[in-house]
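Naming follows writing order (A, B, C and D), and every chain is counted from residue 1.
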Amino acid sequence: INFFCHFVFDPFSDIYYYWLSIISLAVLYNFIIIPARVAFNELEQGDFFTTWMVIDILADVLYVLDFFASFRIGFLERGLLVTDTAQLSKKYMKSMAFYIDIFSILPTQIIYAFALSHTTKFVPPLIRLSKFFKFHRLVAWNDRTECRTSVPTLWRVVTLFTIMLMVMHWNACLYYFVSTTVISPKENRSSFIYPPEIDDEGNPNKFASTAMKYAVSLYWSTQTMTTIGEMEQPEELWEYVYMTIIFLIGVMIFASVVGSIGNIITNLRANRSVFQDRLDHLKEYMGYRNVGKDLQNRIIRWFDYLWAQNHTFEEEDVLKYLPDKLQAEMAIHVHLATLKQVELFQNCESGFLIALVLKLKHQVYSPGDYVCRKGDIGREMFIVKQGMLQVTADDGRALATLSDGSYFGEISLLNVGKNGNRRTANVRSVGYSDLFCLRKEDLLHALNDYPEMREVLKEAARQKL
Amino acid sequence: INFFCHFVFDPFSDIYYYWLSIISLAVLYNFIIIPARVAFNELEQGDFFTTWMVIDILADVLYVLDFFASFRIGFLERGLLVTDTAQLSKKYMKSMAFYIDIFSILPTQIIYAFALSHTTKFVPPLIRLSKFFKFHRLVAWNDRTECRTSVPTLWRVVTLFTIMLMVMHWNACLYYFVSTTVISPKENRSSFIYPPEIDDEGNPNKFASTAMKYAVSLYWSTQTMTTIGEMEQPEELWEYVYMTIIFLIGVMIFASVVGSIGNIITNLRANRSVFQDRLDHLKEYMGYRNVGKDLQNRIIRWFDYLWAQNHTFEEEDVLKYLPDKLQAEMAIHVHLATLKQVELFQNCESGFLIALVLKLKHQVYSPGDYVCRKGDIGREMFIVKQGMLQVTADDGRALATLSDGSYFGEISLLNVGKNGNRRTANVRSVGYSDLFCLRKEDLLHALNDYPEMREVLKEAARQKL
Amino acid sequence: INFFCHFVFDPFSDIYYYWLSIISLAVLYNFIIIPARVAFNELEQGDFFTTWMVIDILADVLYVLDFFASFRIGFLERGLLVTDTAQLSKKYMKSMAFYIDIFSILPTQIIYAFALSHTTKFVPPLIRLSKFFKFHRLVAWNDRTECRTSVPTLWRVVTLFTIMLMVMHWNACLYYFVSTTVISPKENRSSFIYPPEIDDEGNPNKFASTAMKYAVSLYWSTQTMTTIGEMEQPEELWEYVYMTIIFLIGVMIFASVVGSIGNIITNLRANRSVFQDRLDHLKEYMGYRNVGKDLQNRIIRWFDYLWAQNHTFEEEDVLKYLPDKLQAEMAIHVHLATLKQVELFQNCESGFLIALVLKLKHQVYSPGDYVCRKGDIGREMFIVKQGMLQVTADDGRALATLSDGSYFGEISLLNVGKNGNRRTANVRSVGYSDLFCLRKEDLLHALNDYPEMREVLKEAARQKL
Amino acid sequence: INFFCHFVFDPFSDIYYYWLSIISLAVLYNFIIIPARVAFNELEQGDFFTTWMVIDILADVLYVLDFFASFRIGFLERGLLVTDTAQLSKKYMKSMAFYIDIFSILPTQIIYAFALSHTTKFVPPLIRLSKFFKFHRLVAWNDRTECRTSVPTLWRVVTLFTIMLMVMHWNACLYYFVSTTVISPKENRSSFIYPPEIDDEGNPNKFASTAMKYAVSLYWSTQTMTTIGEMEQPEELWEYVYMTIIFLIGVMIFASVVGSIGNIITNLRANRSVFQDRLDHLKEYMGYRNVGKDLQNRIIRWFDYLWAQNHTFEEEDVLKYLPDKLQAEMAIHVHLATLKQVELFQNCESGFLIALVLKLKHQVYSPGDYVCRKGDIGREMFIVKQGMLQVTADDGRALATLSDGSYFGEISLLNVGKNGNRRTANVRSVGYSDLFCLRKEDLLHALNDYPEMREVLKEAARQKL
């Protein structure tokens, strides 16, 4: 009891999401079934009726529960989740949703039972239309799902398709409803409306079965909505007006479907086409500049590898939208372990390492690329994240092999070697290698803030030599 | 009187906008009603006729008023609103609009009354077509509305739909007009044109009512324009030509509708999809780098919060298109009150504070994020705009609570503390916090221009210690 | 004679463009008329025949002339127009176009005259199909026109529409041709093909006139190509195959039309929607930060003014794609006269002024904006390009009025005033003002390269004081 | 033998691509032929049968070979191609593809032969549907082709068209299959399904030929899929359901085609429209600023030249996505030879030249442009890549001509001339010229790393003077 008294939904929590999902099911049930029950009378009779009754009551109970739950949905104020129930209730009762929700939990079921004995046949399910007003929960659930899903594009296609089907379903129900109810059977039945359900001798024909009724109506609805338009010509005034409106809606729906799918296709290809564009431009450029076949192939293979490895984006581009602190945490998470492997930095204080970690740049080398050559000016050191590299002499002999966790070039970084800041050996990537690179100026910049580290580093470097 | 002599419309004022709206109504009336009156003769008879007469005269009076008003519409010259009536009149009379407006206020009503007794039936309303030439006012009004409305996307959909309906309406009128007037009734009536309005016995059938005439014509028009094409086959040469032209226009209209709606959908999603894209890339990156579930969740929640708070854009991105002075005013408006709360700056002169205000950066912290940790190098100070933060000891004890208007880190900014520029405590965000951050280098930069402030700040800092 | 011997077309000249236009007319004539003559036999008889003969010969002469002209079309080598006729001929003769052009000037006219007496009726015009191969000239002309026109978007719509019409025209001709020629008249004529042209009594019916033939065929073609599809069902095998292919092409054409128009609409709105986006974000931001109504209005009005003045883009954005030298020339053209008005710079050498000109920034002030306030730190000087400004005392009194060509703030630029670099008066914009602003650091930077100018400026400033 | 034991496919090699192409052919064969054989019984009889048998066996052998080949497809681990067959086999056997491939090589041929004598007629080819599961090889081949082709946009159109045709082919087969098999012939045959193949007298009519069957079915399929919809109305329940589903799929396919083509058109024009945009903005700007006709023409011609030369993109934009080392290699490849032509640098060490090479900027000058004028401050030197330039005296006399490989301005770069760093002559481009420009600050920056080069350069410069 105490639990229920103090329970408050965190709007970002999983439990709230599951609750939304359950409520959405109830709303969807009403959205699909009510129009069908209004249009097709036989659904209100016999076994069906009992089924609907049970599910109706279940859905209504969920609606009522959701009404009470709505008093306990937390919100953020000054960045903190408000959990004071009085405050939550007050906020809910001031919102528009409160009145909509009250309207949607009106006990129409009871009015329905009452009406069943008194009024014309199609009123009862119609009165349940008030249940539609919980629509806002469905929207909320859909938004939340799009945020949570790992395949948002697919989800958008599914949503779009569902909306299209829903509109067609309603239109089908409306068509049959109008055909049979409003236009009560008269002698010269227009060929536009649903065909007569009895043959000349008064026996029910094939159009009398419920499945056929729905199939024909849905087929009719699909034709109008997709601008295919193969249906019978209208004959009466209202039929002309109805068709014109349906056609206009149909064109809008069709245009939305085409627009949305075009949009989705564009998005699907966006990554790939940005990538392809860069490659195309490079190819064009290399053609224009007569770059040799060999270099061309290496560059194309490098792009291939990048695409195959799925990291077609720059690390910096991805991270730049995060606030500085989260960027730092991300960098620490990803790189700090790598940096700590370097002996040189083993005695450095943590803050200094974090400052360095933020400066590491990711680089990919293709097979055979020289990372550095003997005699080059050394402006950075490298740490091997993944891959295999060879230290080679001038004559190509392999002197040593470097692999995951190795590092090199730290000497020129500190200006302590006897060759000044020149590289003392060639380093060549054997396969594809992922390296992290630390630039000299970034190190010097960090040392400005941590001057005492300068000595620590010098000492470590001297010991290594 | 004097008022009217000197009154000049400011083209950016509300009153001018309202005047445009009224004129647009008159133009729209002519656009809709004239083609209908040309096509459907019965609209020119009986009660209808009197109604049109009254509204026609009203519309014509508005046209004339607008003609005179056009002499008094101010314009900008060298950045100033010109209000010299002579100059305004001269400009108007030199413009194309002047001749168009004169043409559109020709007293066609009188010619109409005169013509009524002499010519064939369809000429009179046709002669009012000159009223169409005030179209440019409708365009001006639409442009202005799009600028002023807070839902420009919705407005564009409405405009598009209105244009589509208008074209269909005209096509419907044209269809009926051509069916009955140009092709005078002959024996072998083509089934393509509007059906005969009398049955075999010469009595009017259901096609004889005005509503039916319009409904059938509009239905026909909708079918051609939406490329549904369920109408009767043409039979005569002119029918083939007419249909081919209508089909081509129909395809163009259909393509425009699809294109525009696709465009609108793309724009609607643009914000969301840019946002989603960043999140998707981040998720991909975090997967690739094996970032822990915990950090992943914090980052996703941070994005959720950002989206929920509706500030998915960077402050700098929004403001950078403003000229420097407006940027400054905006910053002063938003941040100056915040900055003045800081005791440290209480004795500083206003120009100096404004210089600082332009440098404040906005940052959002999620629950549990450390804003700074003891021993870190302090490079900035923070002012709490909104939220709650805790100052904690190394063992996690909360030493103090900071909330809206508090500030911290000012000591390291001035290098006056005994710990150098190291942080002296941990500060952790309890909920989501909005902070403004002032970087040390920005302060130093501002002090270059206001050297005398250096002493004021030092003094204030010393007192605080 | 000598002129013709040495005449060479400059491919970027007007005369070459006009020549392309004339040739394109001849190509278009062949594209439109040949299929019609193949399909509709009556076009090959009587008066028509003479007309075609004359135009054919004219077109053929143009083709031949173009063939010779092609030997004299200059091209760029190492950036220079090659005018050596031997070299030009060699290049042309090595190109693919040479063989295509030879093929297209084959004297089919003569073969045609010869064939007229011998072969079946539809061969002659068919043999002229070789004239289609000059198509590449039409493409070249279209490209050139798109470059030269001031309404490229409209031109693209026209091109697209023309292509669509052309395909429909060909399809119409093909339909009639297949209907009458390949499927020679037999008893059980399929209702899919063109209706019989004689009635039951053997007299020509309404389908026998040439206009009707073309109208019906074009109507049929339009229906298939726009996916409207109201035509008769096919009956024969070849009809099914033909229709399926036509439908597939139709869908592709339809999709291209929709895609192109969508594309054009997107482009048309691109400028406006980028602009609207910025304004929307600003409105959102100002709402979020509770910016006062007054500042909001000023900002919105500033945007309105910018849009109305059509300079919604930044000067730098536009110019940055030009090479440095052209940028400099542009800046000199636009600003140098303005800068020379400033007395201070009257004795400066030209190179120095040009260096300054490149640094001028354009700024727009709204009515009532303060350009500078007394006591502010002066970091730039201003030159009034257009507009009116007031120098005001602290109590708001107007001390002086500045207008086009005035300048102020030059004192603080040179640090020679007695108030240091503080502003000595308020300057307020009366209407909208266009100012150019020269920053202190840009001046100092320029003085590094022209050290002797420092004294000149100091001297000028001292004199002014 | 030994070769086969150790052979491993490099997934980026040509041979693997060719193998993929062969397998794709086999998969395509199954995709196209199996549905046709299921639907059209006659394809299983007579000569056809033998043909299928042979090709089936061939395809199955390829499938089996591919199964074994899949054990030997190398993959990258830590950037190196893994060639250890045990490891490769293990990886394949753990993958999903392994089970799919096993399923797809099941000896359905044998079951088929067996079934032929026992079961109903349509089972045998149906059982070959397991061959569809090799679909993933087709996808892999398509991806690889898109990467390798030089016309990726065209390839995408072809792929899209193929998919559309494939879906139509399947739908056609399904239509005929359902028409004849599931709905076994009964008295009141619905007019929706395939027409009866025998006439009233029991003789086969024109619908009985295989070609006609397929043509009619494909025609029907095309109509539904393109939303043209001219087919017979459905009559039975299943027909309504079938049509509704087909219509929905049709709309989705149609929308995808429109979306994809729209997308492709956008991409096709992207380059051109970005370029056009810049030019349009420039024209607008020049109009706004009243730039003289002469300068306008020079700027427009410069853009024309750029477009004609196909290098509408900036060198830096293209290269910036490459890793630093590849950028360097590209620059070395393109520019080093040019730089070595400069005498000044002939004695410089290679590392220094490479450092310089990375700083060269590409510039294009139009005819008549001055590259530098006498008396200007010299901040860069120029090397002529291509084109012709004139050194002119103040009175316009040409003093010298520079062409490919020449360089000038090196004096001011080193501050050794007697005129300080002023230009000593005018240099004017005669035609269009491609120059490389080396800025003074870049040279100084490089000299920081190679201090000993300073003397070498000074010496070289002194000798030249």
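In this section, a residue touches a chain if its C-beta (ideal position, glycine included) is under 8 Å from a C-beta of that chain, and two chains touch if they have at least 3 such contacts.
Model, not experiment: these values are computed from the prediction.
*Asks:* With over half of the numbers shared counting as same, classify the subunit C/subunit D interface as same or different.
*Replies:* Different, since most residue numbers here occur in only one copy.
*Asks:* Would you mind reporting the rotation angle for the C-alpha fit of subunit A onto subunit B, rounded to the nearest 5 degrees?
*Replies:* 90
*Asks:* What whole-number Å value describes the gap between the mean CA coordinates of subunit A and subunit D?
*Replies:* That pair's centroid distance is 27 Å.
*Asks:* If you average the Cα atoms of subunit A and of subunit C to get two centres, how far apart are those centres in Å?
*Replies:* 39
*Asks:* Residues of subunit A that contact two or more other chains, please.
*Replies:* Correct list: 227-230, 254, 258, 260, 262-263, 266.
*Asks:* Could you list, by residue number, the parts of subunit B that touch subunit C in their complex?
*Replies:* Those in contact with subunit C are residues 12, 76, 78-81, 147, 150, 152, 227-231, 233-234, 236-237, 240-241, 243-244, 247-248, 250-252, 254-256, 258-260, 262-263, 266-267, 270, 310-311, 313, 315, 317-319, 321-326, 329-330, 333-334, 351, 355, 449-450.
*Asks:* What does subunit B use to touch subunit A in their complex?
*Replies:* Against subunit A, the touching part of subunit B is residues 161, 164-165, 206, 209, 211-212, 215-216, 218-219, 222-223, 226-230, 254, 257-258, 261-266, 269, 273, 276-278, 280-286, 288-289, 291-292, 295, 298-299, 301-302, 304-305, 307-308, 363-367, 369-371, 375-377, 379, 386-388, 403-404, 429-434.
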